[in-house]
Amino acid sequence: MLIAEITKSRYTINNMSQKILLDKINVPGIKTYEVYRKEGGYTSVEKALKKLTPDEVVEEVKTSGLRGRGGAGFPAGMKWSFIDKKSGKPRHLVCNADESEPGTFKDRFLMEYIPHLLIEGMIVSSYALGANLSYIYIRGEYMWVYKILERAIAEAKAAGWLGKNILGSGYDLDLYVQIGGGAYICGEETALIESLEGKRGNPRIKPPFPAVSGLWANPTVVNNVETIAAVPWIVNNSGADYAKIGIGRSTGTKLISASGNIKKPGVYEIDLGLSVYEFMNSDEYLGGMSTDRPLKAFVPGGSSVPILPAHLIYKTAAGEDRLMTYESLSDGGFATGSMLGSGGFIVYDDRACIVRNTWNFSRFYHHESCGQCSPCREGTGWLEKVLHRIENGHGREEDIELLWSIQSKIEGNTICPLGDAAAWPVAAAIRHFKEEFEYHIRFPEKIKNRDHFVAEPFEKVRHLVSNVTV
Amino acid sequence: MKVTIDGQSIEVEPGTTILQAARMIGGEVVPPAMCYYSKLKGSGGKCRCCLVEVSKGSEADPRPMPKLMASCVTGCMDGMEVNSKSSERVQEARKSVTEFLLINHPLDCPICDQAGECDLQNLSFEHGKSKTRFIEEKRTFEPEDIGPNIQLHMNRCILCYRCVMVADQLTDNRVHGVMDRGDHSNISTCISKAIDNEFSGNMIDVCPVGALTDKTFRFKSRVWFNKPYNAHRNCDKCCGKTTVWMFGDEIQRVTGRKDEYHEVEEFICNECRFDHKDPKDWVIEGPRKFEKDSVINQNNYTRKLDKVEIATEKNILLGREVDRKKISMKTTPLTEEDIINQKNLGNHG
Amino acid sequence: MERKHYTQQINITDALMARINELLSHYPSDKRKSALLPILHEVQDAHDNWLSIELQDKVAEIIGIKPVEVYEVVTFYTMFNQRPIGKYMFEFCQTSPCCLNGVENLMDYTCNKLGVKVGEPTADGMFEVRGVECLGACGYAPMMQLGDFYQEHLTEEKIDQLIADCRDNKITLHDK
């Protein structure tokens, strides 16, 4: 592919609620500084630097209820307020653009097609934190996006939005992009900081938290791309306006990366509170399944969150409509719920094999474990090996219990959340799809072909292992 | 600050970790530690052996901590209450970590020079199971030669990072490190380079397992057949205070002096460690003491025994007598009592 | 672990050195090590996409850090190659969403077409197929990375075209 070709958007999207982040995404040339500026870009910088104190910006973000969009969902304003301003050390804002949770590709979309939105957000957020040197850490595989950001930063600098004494306010900011080298673990904020220091991406032991001792032992805030990109709108309008969108503690809009067996995969901006049913089936969003095969399962928030079977997708166990909010998606806890996570929405039809998918995720976490702490280093590999055996027809009856035991021994016992992320998908698959594991173990000849459920979906053979007698 | 571990309270200075407080109390509350090393900055937190349960965060914030905490890197708070040995959750976690550390371990203790003074052996003795649930092929590494003094057995390594810290903190030119990642992480120089700075031998002492052993001692003796003595010499590079491990009049190995947590009291130089195996080079101070559960006790002088009695001695003698009688039945027929005894033995056997 | 040693022609051009110095300027003067990852990318791009030990030593020398600090980083991250690799590296994403859209069959197809196994370069050194983990393009599956760019919505026909374009020297690998 020629470079010229990738400058035009490959993906068209259009939906009613794209009002904050993707509002201008279809404006021709919005990638460029000129068009972005003409469309009202960088006004939040003018407003913040000329009219607001840093603390007032922090207050607006607090009021907005904006929660970290990387997956954990921690309130962004509160995270900002933890930064150590008393020590007198230099402070840093680091944007986490190491997007690599399987199922998630929203940040790349924002950065590729509207890079100045992130840069505008970085300037306002750095101002709020009193940071004079900030970085965007982007995953190595997004090399062309790294180049897009470097050019956008140069444009912004040339236009006077970066550097010394921005807009005559006395505020200085240098902003750079740092490229990673291929390691999912660097999405964990302390591993990211280590990597930004030119080291292996080994997560640090916390405390101390980055807000006290982060990049080069200076107070540091690490925020996801989407979180930072929401800040200009909040400053331009108000935190209260942002909080009007959404339901309860799930305020504002959220980017959802949708993939799998659906008609219209891609990135969507939704109002938090939209029902899962509407998101899945309305033509404005995913448009239903890609074929006439039935919905089997979905993962709502990236590979690490629990997978849910069809009957728990549109309704919670309590019979209420399942909504696209932090609270509703986790309703029922891990027994019958999942998590919004990073918004990586993966949909499976009945051709998909849950055992194979679980093995696939386990292979991913095994591959991405940094190897620093024993439960994760040893446990992720063990999970993968056992799952690989089962998927390839060499499972033993006791393996299901063994898998359950291994994941439970990893969960909660590791330095960073990668251990949990490796454990949860295995636990959820066994919790909701145990019969499928039993089928693999008892009928190895039937699963020899890796597409075993294409011709004969599990529903057709479930009676072979079903514990329910009719 | 007051902290309570398994019901025992102690006053500690701010900045004390839970593990340090537990070591001050001593005894069974002390969590095992495979990666933490008090003399190495930044060590700890990795092996997860020392996980404890914080049932009360502090007087100011009494909420319990939801997750088990690595006691070696968690600071004490005033009023904190901790469960270590007394917590089933903690015991379960230690069992889990032990299992994880062993699944890919070669379990080659019979030919390992560390056997007898290995922290992983001790950990398995305390928290391990006699049966493995791991039926997959074990991970192995290609051997690497790291020079004339130190033998690297990567298959035994538990990635505690202590040897890397020794090289970083004791020398100014570290040439080895942790390469690759995940379960393929390995200690290496990457280029089969000899690790030859003056303090590199301390990597052997800090290694909790048999991954780094003394090449000059290789296969010379099981550690429990050596008699350890404290000794010293005038050294212009280090403190010169060591433990020499003797077999008869021969010094087979020289190490740093290790405390009850197997940490050296002071680091020593390579000259003292590798180049002075002649007893005349040393002033021998006297026998070294060990904690009572160490296998090295088998051959040292910490306990004077008046009479050696094996617990099953009586049964053994009885069994031998029975055998003797069976063989020579004609001349010495069994009495009624003998027959009863033989039956009982059979039942027990 | 013992590693096989490969030799490489090292050539730090003025343009490359200028770029390295620019990258170093992004960090405080006493934090030069921070520039390691970006510098490794630049140096690798300029050296047939791989980094010999000698080249890594050179990077250490330029930054002023120990060689082992570079080795530790190079071996940790998947994008740094430690051996000569195929000129056109087809890196297929093989994580779940791509599998749902048939990437495994497509990888088999590509390997058959090129007559290679995964991880082995073709005899002429032109191509190599590799399976990698999630590249963050799940909505556009199946996909692969080729040089600095993504090739998405792949089909057998697209693979054929890409191979032909590579052979005709029509593919740009790096965005410089």
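Chains: A, B and C, in written order; residue numbering restarts at 1 for each.
Simple rule for what comes next: a contact is a pair of C-beta atoms (placed from the backbone, for glycine too) under 8 Å apart; a residue touches a chain by one contact, two chains touch by 3 or more.
The structure presented is a predicted model; accordingly, all values stated were derived computationally and were not measured.
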Applying the document's contact definition, name the chain pair with more C-beta pairs in contact, A-C or A-B. A-C
I'd like the most central chain, judged by C-alpha centroids against the all-protein C-alpha centroid. A
Quick one: report the Å distance separating subunit A from subunit B, using the average Cα coordinate of each chain. 43
Just give me the whole-number Å value for how far the CA centre of subunit A lies from that of subunit C. 25
For subunit B, jot down the residues that touch at least 2 other chains. 178, 180-181
Residues of subunit C touching at least two other chains: 69, 72, 76
Any chance you could list the residues of subunit A touching two or more other chains? 183, 200, 367-368, 370
Show which residues of subunit B lie in contact with subunit A when the two form their complex. 44-49, 51, 67-68, 70, 73, 75, 93, 96-97, 99-101, 103-104, 133-134, 136, 139, 158-159, 161, 178, 180-185
Under the touch definition given earlier, write down the residues of subunit B that touch subunit C in their complex. 141-144, 154, 173-181, 186, 188-192
Subunit C contact footprint on subunit A (complex, rising order): 1-3, 6, 10-11, 99-105, 107-108, 133, 139-144, 147, 176, 178-184, 195-201, 216, 257-261, 265-267, 303, 344, 346, 348, 352, 356-357, 360-361, 363-364, 367-368, 370, 450
Complex contact set, residues of subunit C against subunit A: 26, 28, 31, 33-38, 40-41, 63, 65, 69, 72-73, 76-80, 94-97, 99-100, 104, 133-141, 145, 148-152, 171-172, 174-175
Going by the contact rule set out above, which residues of subunit A touch subunit B in the complex? 183, 200, 205, 207, 366-375, 377-382, 385-386, 389, 402, 405, 409, 412-415
